[in-house]
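Input: a single structure, listed below in structure tokens.
Naming follows writing order (A, B, C and D), and every chain is counted from residue 1.
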Amino acid sequence: MVDMSQTAVLLAPEIVLFAASMLVAVLGLSRSTGTRSLVPWVCVAALVASILALDAVWTPERIQGANLLFPMLGKYGKALIALIGIGLVAVSAGSIDRRYEEAVARGRASFDALRVVRGEYYAFLLLSLTGAMLVMSAPDLIWLFLGLELVSLPTYIMVAVARTGRRSMEAAMKYFFLGALATAVTLYGFAMLYGATGTMQLISMRDLLAEQAAGPGLSATALLGTILTVLGLCFKLAAVPMHFYAPDVYEGAPLPVTAFLSFTPKIAGFSALVTVLGTVGWSGHAMVDHDGIRIAYQGLPQPITAVLWMVAVLTMLLGNIGGILQTSLKRTLAYSSIANSGYMLVGVIIGPQGGIGAMYLFMLAYGVMTVATFAVLATLERKGEEVDSFESLSGLRSSHPVLAFLLTVSALSLLGVPPLFGALAKIVLVFVAFEGGQASLAAVLLLNTAIGAVYYLRFVGAAVVNPPNAKSQDVVAVPHWWPKAAAVVAGVGIIVLPAFLSRLVDASATTVDGYIDLGEAVVSDADDRPSTSTTD
Amino acid sequence: MGDLDLVAGSELNMNLIWASILIPVATAAVIAVASARAARSLAALGSLASLGALVAFAWQFPAWSTGAIFPEPCGCAWLESINATLGVGFDSVSLLLALLEAFLIPICVIGSWTAISERQREYYGWFMLLHASILLAFAARDVLLFYVGYEFTLVPLLFIIAIWGGPERRQAAQKLFLYTFLGSLFFLGSILFVGWQHHASTGLWSWDMATLSTFASVRLPANTQFWLFAALLAGFAVKIPLFPVHTWLPLAHTQAPTAGSVILAGTLLKLGTYGVFRLALPMAPEGGAALAVLASVLCTVAVVYAALICWVQTDAKKLVAYSSVSHLGICMLGLFALNPVGAQGSVLYMINHGLSTGALFLLVGMAYERYHVKDMDQIGGLAKRMPVWAFFMVFFTMSSIGLPGLNGFVGEYLCLFGTYIATGDASTGYPGLLGPGFALVAATGLVLGAMYMLLLVGRYVFGPLREPKDATHGKHGHHGHGEDHGDLTGREVGLLVPLALVCLFIGVYPKPMLQAIGPVVERTLAPYPAAVERALKSQPHAAEAAQAEPKEDDRG
Amino acid sequence: MIVAPAMLSSILALAEGPLDAHAAPELRWAGLALLLPLVSGVLCLLCDWMKIRSKLPAVLTIAALGGAFATILRLQGAVGETPVVVNLFDWISWTWGDGSRFHGISANVDLYIDRLTIFWMLFVTGLGTLIALYGSEYMESDVGKGYTRFFGGVSIFLFAMACLVMGGNLVMLYLGWEGVGLASYLLIGYYFTKPEAVAAAKKAFIVNRVGDLGLALALFLIWQCYGTVEYAALWKAIDGAPASSEWTAQAIPWLLMLGAFGKSAQLPLYVWLPDAMEGPTPVSALIHAATMVTAGVFLIARMFPLFVVNPDAMAAVAWVGGLTALLAATIGMAQYDMKRIWAYSTISQLGYMFLGLGVGTSFGASYHVFTHAFFKALLFLTAGAVMHGFAGQLDIRKLSGLSKVPGFRLVSWLAVLGCFWLAAFPFTAAFFSKDEILVSAFTARDERVHVLGWIGLVVAALTAYYTFRVGFRVFFGPVKYEPGDEHHGHDDHGHDHARDAHGSPAAHGGRGHHGEFHPHAPRWAIRVPLVLIAVGAILAGWPSYRTMLNHDERNWVKTQVKQSSAYQGAPAESHGSHDDHAAAPNVAGADPAHAGHGHLVLGMDAHTAVGRLGSLACIAGILVSLYLHLVNRGAADALRRTLMGSVATRWIVVGAERKWMVDEFYDWVIRLPLRVIANILAAIDDLLLDAGIVNGLGALPAAVGRLFRPLYGGVVQGYAVTMAGGVALVAAWVIWIWLRGAN
Amino acid sequence: MISIDQQLPPGDPLVVLGLLASAILFAVGIVGFLSRRNMITMFLCTELMFQGAGLAMISYGRQHMDLSGQVFVIFILTVAAAEAALALGLVVLLYRRKETLSAEAWKELAES
């Protein structure tokens, strides 16, 4: 029997964050400006504390009892969430409630606890991060569902409240309704998975599905359940066909929230995806071919591979070709986010033999680049509004050379110029695609890198190459150091992290440590034929 | 030298290599924080220091005549899990190319002193980074490291063209970047594939060029090698650039600032040829043998096609740019001759083209700096105003069209020679797939080359003096330099004289270079006689046709 | 650095002299013949950069060329019958594999010194020195401007020519070959602000490049066949192997021929030479008459062993030579520019030389080269003196009676002397050399070339006519001249003078002693070389006089030629020197019975017949000329009018005057189509490849992106429909896959 | 914990009917969501989908004789309630802005 206290200790990072979220919700309502300005600090402290807690509690002995399908996923994944979370807090800090706070400071408005949103905002931010962490330690579908909902629900509110305006409201509406639709799809998928196995426990589910695969083959219910779950999760990843909300929501949401949306739901979604796919396994399935012969092959069950392949390819393509047409910075970054999900899906398709590690490595790179890019943009404003057009970035190098440099670095890294972090992470992905026998995916990935270069170059061109124009002359830096610091740290990270690539690759590879894929045994039981690698 | 000395020397040499690469990086960092006025001097110092380090290395380089790699690439892992290392080391070919790069960079930097008056710190900073990444590419013995250097060159170049270029600089820079980026992805994909295959079949990780080459050439089946070679070639072809993927080059050259053009023609294009020489040929001999004819057809077409296009250009810089396409066609043809003569000539041609075309761009740039016009319809007969400039112009033109006694000849001659004798006949020990037909068509490049280069000289240098009416017009506002139509300054002559001397030296006494390149070429081509024999056997008809009808070269 | 030790050692080797320990001491200094002109060239360049405004460059050049001449003179005594190879330093040289035959390339800076080399170098350096001396005065108005450039060019030329002649392998020859092309380019384009000069220089270089292409390919082919490009080894390889019938071996002479025809201005590549007269006159004399243009003859003479085995190639050489001689002579008859007439005569005389080579008499050809070098240099230099004196005037319609103008008497008489030699007046040197060639043509074993003997005789008559057309018009008759439009001397490169021989109306002829114009009489530096060259021209016939008068068969020129590759494998000299039949190796099935006296022309011994017919042709030509151009000058114009009047004959005049439209033909058939193709290709590159395919593919992603735009309509239901539709589609697809798999 | 090997035979009418109803519920939800423009109706349709999924859970739970399906449904209801609160707040906010409940009123953000 599982020792509940031992398992509960594993949740220390989440507990820390949850507690902190309660604290900041209260602190944010304080009448004292000083207390209110403590809020980001508390968030950062909580995130650091959660990393420390994670390091302390995530020991192999405890995990043994936790009954997790991917026991070590949480260690790397939660640290990653907390780390990037710090950056996301920094991107938000200063811009939430800024005008109201300024008005209060100048005495033009009196403090009104009903009008201030800082407390809620950071509380929801921390809650959402908590949800993402919970997803990573989900032993069963219920937990997984709750974690996912905990990621989503706060973000709906964040979109709406961070900066009120028509556009953010519209974004919140679209995000909420479409999110609910996707959640329903996921939920139905969960139901069918449950129906196919009769259990909510992921490990039991893995065992039962392996048995099925070895016997009569995966049932239609199991397949369809997996597929519906995957498609529902695609909403979180902003992957085809559930990506349509992303450009509108990213564009309409306040900039710090856009940054948040492009990372937190994504990592939660990918973790959930990996967890769900972990039940069917990557390492061996059999199927009957046209001549009625059972052939065994590597990888996910063939229909799932086919769907994921198509989803990945379309996500990359639609993301990149969509990005080319944009003039809004946030909308461009939305498409970039879609495309990057496509790249990461390649890792998921390849599976635990390097693929998932590569995906999480790329997730780290993506998080760092996201923080860097959005932090630079969050630092700038024009006539009190966010900067959201390439024209406004023109000549940034003459007014803010350091910011221009950082934006260049992050854009080039997203583009894939070695030796920047993003490029190397992408190379690792391409490489595992080759290794996993998915050469065609590798080729598509490379091709998409080239297509994406077009719009990433626009950032560079606007910031560094173009001279200032009438629109960009009004662009000033906000009087807050938080986003600047985040930009500098993340930008330096993009340049410096490649030096530690080896360690980072190893670390990200630990995400699949302890995961047992039963497929291999199944295949060898079911068929004596040597397994052949699947293509396409 | 005892063993101990060798080890110590090897460490020192390794440090010298890294010094030559990192000094420019450090210089860039210093420039970033220094004053704008100091930027150009710092850059000059940095580039000279880098050259010094590399020369010091070359001075004690022990493998000039052995073809070996020195120092042995270290196993210092950079990506332990797949054993990607920071292995650097030179053999004589890569060292010669690196020396060329290190030699050209001070010339570019000092050549930009008056031409670049805006955003100097950025300019020189990017130039230093460009230098470092090119050197890294030449020094790398690890394919991933090579890729890093190879690809990163695009970024500084992008800025150099997009910021300090001509009126269409944005399009030019974007096209350059996207086109070559796309090309290099083929190359990236190919090397990752080979690395994976190596791991899959040996269970070991290695990204060492030599290891992978040996592995791929021996262990990969012919069909795989075919596609591997095709992908590598496709990747490098854009960079070289080979017909028909060359169209980014004329635009980039015409829009780039002078120094950008110099370094682009001088060494950046050589990264492509070097890539074919260093990676594509050794890794996939079966593919090389199978594709040599097709690639050679493209090269031959490029020679004639680009030469004819040169001939109808009125923009001096564009003319020189297209001439690069034609010249590199000959260069690659020599390589695809797959015999030591052609490959030797090809490597030499890489260096020579860098020198003479680089110098021509420099010269065109010097005239442009004075007149802000490079259209030969508006400007010409400049020998009257600038006799010293005219002398160098004629000198490098002659070098470019392969006048014996100057550098261009030896490479061009050996390339064509190699192509000519690349018949199925194995008396040289290296049967080939080309033969007189290819050589004949490519050799028309000799005549066409003379035609367009002398057209350039005849209109631009000689003839009645024609100056633009509004000669002082210059949109870059070169604070008064625009009015100066005098002959070359001491600084400019000082840039050209070393180039001319090197050209002359190589032309008169190429023996040391030939002996340095020879062993490397032989090592590279070692698997080819057998592979070509197999290719000949598999396509007897084509071989017979090549023998019987030398003029019939359109097959492929 | 890397190369320093190697370079140093080779420099030391150079200083120590040739590596061949057995060589005579003179051979140690053979390299000086190359080195001295090179040094003077470099010094001239330095003079130019240091802006030296004196005649120093001329002094340097003359000294260097004189030194080279002296070197060759010393060598003359040192070289015996066996050729000597002197290695200066290694150039292109490395081996691969085991380094055996066909496993290495060796083309070093070697000197291959045999009698032929010496013979050629003697007149090249000798005439070079004299012409440089002449140039020192001729170019004096350019002192401080182009003077150094001129002498630099001359030095470079001499250096390149020395490489060409003395080089020990074909690559060295190629180096010299291109080098003289460069010098020619630079010197033709000496007046570089003149568009015609620049165009002429370009044309010369490019047309020559076509020939060089043949030479380069021949070089590759020789290596492919024989594994070496070094003469010494090549002769051995040829000797050792039977004549190959493979196409590779057969093609060699044809390709070599192409090179020779380019450099020596033969059909179809002769068109550059007349235009080359845009250069300063000493250049025309030295490069485009006496020395460089004979390089083609030298090439074939040097490579004679490769030619003699191929009768078809020999016949082709003969035919090209004969036809070129005829064509150029007809054009020469109708030109008015003195220098151009001499240019066409040069082409014509070179045609004789190739005719000689083609019919197997390398001796005759070489002999004619030798005599031609002197008299043609003389003619050009006198023309130059006239030009120099009369402000660039060269139109023979505007100059008359110069022999009576003070200061021009010597020049005039020397010019007339040259005319006699060019016309091959009996018992001049050219008479003998031409005789040698024509006799060989009549008696050649190859029946196909006999008719060329008759053509040669016709050309002899034409030559005499047009030669004396110039001689009588310019130097005799009433004193009448008008200056050219050059300001005195060439003081300004920029002046825009259209020295068009046809343009100005002849009515201006009466301007005679026009106002302030005073002809500028030549001084010693022009007169001395003229006299010396004239002496040379006379003495050039000395070997033949000895033969004729003393029946002494020892002909110096023949000895020189015989002891060289030009005689290796040469078919029997059909005539002239009766003692050498046995000396010539009988290769290619030479039929001794067929050679020599067996041949009858018009029932006479070939020698006698050709001598008489040649004399007759020459005298006839001179007499016609005498009547038309001295006695009754109106008759010439009347004749021209008559011919122009009839449609049947009009084409003769127009054709000859317009040079048979060959330039225009090339323009229309080669240059224009090429230009059109180039423009089409440029358009393809720009529009189809770049704007079309590349930009099109570049725009593809965005275009596809636009297709998807309606999906992002902004209404939440729209997104919901797409999402739900996507889910449904995928679900259906999966079920389909599953069903297909399950059954 | 309920052992997983207890399972009803296939074709249990309650299971089949439950699943059928759940599918219909889900489909109705989707169709309603897609066809109605009123935001409150749309939200109710998402609730229908959630409940459809919940019903499926219960039916499968019965098939497998397993209670965790029912446990899940309780959580679904809780989450749905939270969403409802959120949705109503959001709808009120939106209604205040535009004085309409139509979702079509909000289409400012779109591909230009």
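Here is the rule we go by: contacts are C-beta pairs under 8 Å (C-beta built on N, C-alpha and C of every residue); 3 or more make two chains touch, one makes a residue touch a chain.
What you are looking at is a predicted structure, and each value in this text was computed from that prediction instead of being measured.
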* Asked: Can you name the chain whose C-alpha mean lies closest to the mean of all the C-alpha atoms?
  -> B
* Asked: Just curious, how far off is chain D from chain B if you go by their C-alpha centres, in Å?
  -> 64
* Can you check how far apart chain C and chain D are, centre to centre, with Cα atoms defining each centre and the answer in Å? => 96
* Quick one: chain A and chain D, Cα centre-to-centre, how many Å? -> 25
* **Distance from the mean Cα position of chain C to that of chain B, given in whole angstrom** => 36
* Could you check chain D for residues that touch two or more other chains and list them? => 30, 33, 42, 103, 106-111
* To do: Provide the list of chain A residues touching at least two other chains, using ranges where the numbers run on.
  => 173-174, 177, 181, 185, 247-248, 325, 454
* For chain C, write out the residues touching at least two other chains, lowest number first. => 709, 712, 714, 716, 720, 724
* **Chains touching one another, given as label pairs in label order** => A-B, A-C, A-D, B-C, C-D
* Going by the contact rule at the top, pick out the chain C residues touching chain B in the complex. => 1-3, 6-7, 10, 45, 48-49, 89-94, 96-97, 102-103, 105, 171, 174-175, 177-179, 182, 185-186, 189, 192-195, 198-199, 201-202, 205-206, 209-210, 212-213, 216-217, 219-221, 223-224, 227, 493-494, 496, 674-675, 677-679, 681-682, 685, 689-690, 693-694, 698
* Structure fact -> Seen from chain D, its contact residues with chain A in the complex are 4, 7, 19, 22, 26, 29-30, 33, 39, 42-43, 46, 49-50, 52-54, 56-57, 59-61, 63-64, 66, 68-69, 71-72, 75-76, 79, 82-83, 86-87, 90, 93-94, 97, 103, 106-112
* Using the touch rule from the top, collect the residues of chain A that touch chain B in their complex. => 397, 412, 417-419, 423, 427, 430-431, 434-435, 439, 442-443, 446-447, 449-450, 453-454, 457, 460-461, 464-465, 499, 501-502, 505-506, 509
* Contacting residues of chain B [partner chain C, same complex] -> 55, 58-59, 61, 64, 175, 178-179, 244, 247-248, 251, 305, 308-309, 311-313, 340-341, 344, 381, 383-384, 387-388, 391, 394, 398, 403-405, 409-410, 413-414, 416-417, 420-421, 423, 425, 427-429, 436, 439-440, 443-444, 446-447, 450-451, 454-455, 457-458, 461-465, 505, 508-516, 518, 521-522
* To do: Write out the stretch or stretches of chain A touching chain C in their complex.
  => 173-174, 177-178, 181-182, 185, 217, 220, 223-224, 227-228, 231, 235, 240-242, 244-245, 247-248, 287-289, 302-304, 306-307, 310-311, 318, 320-322, 324-325, 451, 454
